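Quick notes on the structure that follows.
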Amino acid sequence: MDTENFLLQVKSLHAGYGPTRVLHGLDFGVVRGGVTALLGANGAGKTTTLRAISGMVRISGEILFDGTPISGLATEAIAARGVAHVPDGRGTFMELSVEENLRLGAYTKRGDPRPDMERMFGYFPKLKQRFRQQAGTLSGGEQQMLAIARALMLHPRLLLLDEPSFGLAPLIVREIFAIMRQIIAAEGTSILVVEQNASLALAIAERAYLLETGRIVMSGLAADIRKDEAVRRSYLGY
Amino acid sequence: MDAFLHQLFSGIATGGIYASVALALVMIYQATHHVNFAQGEMAMLSTYVALTLIQAGVPYWIAFVLTVGASMIVGIGIQWLVLRPLEKAPVLASVGVFIGMLLMFNSVAGWIFSYTLKPFPSPFGEGPPMLNGLFSRHELGSTGVTLLVLTAVWAFFRFTRLGLAMRAAAFNPISSRLVGVPVAKMLALGWGLAAGIGAVAGMMVAPVVFLDPNMMAGVLLYAFAGALLGGITNPLGAVVGGLLVGVIENLGGAYVVGTELKLSMALVIIVVVLVVKPSGLFGKTLASRV
Amino acid sequence: MHAHITRFGPLLFIVLAAVLPLAFASGYQLFQLTLVVAYALSVLGLNLVTGYNGQVSLGHGAFYAVGAYVTAIMMDRWDVPYWATLPVSAVVCAVFGFLLGMPALRLGGVYLALTTFALAVAVPQLLKYKLIDGWTGGVQGITIIKPDAPYDLPLTSDQWVYLFSLAVGVLMFALASNLVHGRIGRAMVAIRDQPIAAEAMGIDIARFKTLTFATSAMFTGIGGSLAAIAVQFVSPDSFTVALSVTFFVGMVIGGAASIWGAVFGALFIEFVPNIADHLSKAAPGAIYGVILIAFMFLAPGGIASLLRRWFARLAVK
């Protein structure tokens, strides 16, 4: 694992909440300009891993972002370095309008956010219709779109996505992942996506890691993992 | 009829003061779910600062601006030094600290400035009443100032990047951090703003009630009632609630219960709101924060 | 050693509290100690609802006032003997607390603090209100006569009132101690610390909180009654918001959620202002404020927790 190929390098990452340890020494990397998937069942530690990267939980171990350590930085400082994080539950500012949600996404960027907003409306035309509406009144799918758009407003170098398919109807999920493909192609952002729905994630990912009870049990190219017999049986269900 | 209108307008003038303090309370409540019981005493101390400056020969409006600025800085300092460490403490601890500050500020003011009532100048002059005698000059001027301040605060929250970030930090601190908003600084700034608004309210009410260390006790109580009436989670509601309480207090005092029971009206308003519509006129229905 | 302290400590304390002042205290000192008992009961009442149950009240001075006025009115108007006024005062205060607690406690948290604070501010005005001044004596208040010792006991009036108050105090403290160490006390603490779990266990939280509030008002009201008997006088301006705040200060500094904390708190609020008053009129408030904040940061459990730590260290040695 080297800085040249991996934008984010994580080395022997331990983390937990209070006395409960959740992660027991993870080593992984997020490929530059591509999608890396973190798979695993409920409670495997996927969300905690993302929180650890964003400085939301106490950790030990090393996290290098573009070769520089970011562990120990405040969450807002990590965001300011170009790490956008769509948390579990999407983190929508329910009381604020769609426009204000997007403006907040660009908080760390000086200058007029409107051109970026227009670009987001290119990906998500529905958001344009809902521009002045309170974000809490949006449907689940629309809120997920808003969350991704909000994160992209930061011009992130690394985008962390926590379960983008969670709680959405399959049709909506397909729509969102189709848009995500466009975004990946157009923006060149490196993405770390966490998913329970392994087949979806493997379809867009370049590399993947499989997490079980806080440990990485398998890693490799997404294409290889997709072919793996054991993974297929336990996570892909066919 | 004229007497009635006079009471009504006079109620709006005091209501503006309650509205300001109610707004200050709601701003802090929204962000931290703390009710700042020391908000009134902070405003009272600010007013003494203004009086000291004016007596030292500083022109009124310069003293006004200096006082608001100093109050904001002190407000930020208090949040940073005293309240930030208590962010996750139980209600009892935060109430304890607020009551402690209330007692301290009150005594410090008494110690330095004595407990005697002091006249406080009005920048609008003593002159004859205006608008057919419905408004005294000070009532008109102070209503103007409070409305101006409230509008400015609204515009700040509505149209500026910082105002938006402060609202976001209050609503959803976790997401705010994730988009890069320094939430702790926003809370401190909110305290600063609340202290500044309180200072204006103190300087506007002092010419009417005279300045003494207990000047703001009644105002704070009516502001509580106003904040609850409007909905403690809604800043605009707090302003409307504060104005309504001012009018209710004045009309009630003049025509219903008499002046001896004026303060009890705040209690009645609070209890009625809690029984009839706990979320207030404009607040969202809220779950019990047990 | 430690076990002996917990078992015989209270008993020893009661005997000493009864005997020593009779032997050594002057009339005025006895009066002060009687007030300490009254304050201790009031702080204990507040402690039940705020310390144990987690519902912050800033208006317990109101219940103290109601208790004091019930006793004064009954003694003054109907010549009811002082001791017979206590049960009535208890019932009246409990009902009053129940009615006030109902709306405010449904919402919990800071709403109760706000409502009770408003109540505390309104109390003097309400007591002066002209429709009831035939009973309350309006601004003038009511003067009552201090009871003498019964059965020709060789005690002065001050000594007797102190002993009587101490007996009532001990009884009420025993009652409170049983309450908080039993099933009800566990439920009170559960509601404070784990409201969701408490609800899941089948505790009707709103009803329970309201009943706790009523009980708490009752304790404080009895404190008010004892104070009225000792002071021989009630008037609206002795029951300002400052009194409620004083109880709050006493509760926090003595030790929230501690039976003994109420005693320490009462000693604190009776004697510290007397000492501080010599410095300046502003000193008691400033000292209260500083000590209150200092305790919140350094010893949130109050004097009781400091002593507990100290005893524990002694026991280890």
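Residue numbering begins at 1 within each chain, and the chains themselves are lettered A, B and C in the order written.
The working rule: contacts are C-beta pairs under 8 Å (C-beta built on N, C-alpha and C of every residue); 3 or more make two chains touch, one makes a residue touch a chain.
It should be emphasised that the depicted structure is a prediction, and the values quoted were computed from it without experimental measurement.
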| item | value |
| --- | --- |
| Identity of the most central chain, Cα criterion | B |
| Dominant interface by contact count, named by its two chains | B-C |
| Centre-to-centre distance between chain B and chain A (centres being mean Cα positions), rounded to whole Å | 43 |
| Centre-to-centre distance between chain C and chain A (centres being mean Cα positions), rounded to whole Å | 56 |
| Distance from the mean Cα position of chain C to that of chain B, given in whole angstrom | 32 |
| For chain B, residues that touch 2 or more chains besides their own | none |
| Complex contacts: residues of chain B adjacent to chain C | 29, 33-35, 37, 82, 85-86, 89-93, 95-97, 99-108, 110-111, 115, 217-218, 221, 224-225, 228, 260-264, 266-267, 270-271, 274-275, 278, 286, 288-290 |
| Chain C residues touching chain B - in the complex, by the definition given at the top | 50-51, 54, 56, 58, 100, 103-104, 106-111, 113-115, 117-119, 121-122, 125-126, 128-130, 191, 195-196, 205, 241, 245, 248-249, 252, 256, 280-286, 288-293, 295-297, 300 |
| Complex contact set, residues of chain A against chain B | 54, 56, 74-76, 79-80, 84-85, 87, 91-96, 100, 103-105, 107-108, 150, 154 |
| Touch list for chain B against partner chain A, complex | 161, 164-165, 167-168, 171-172, 174-183 |
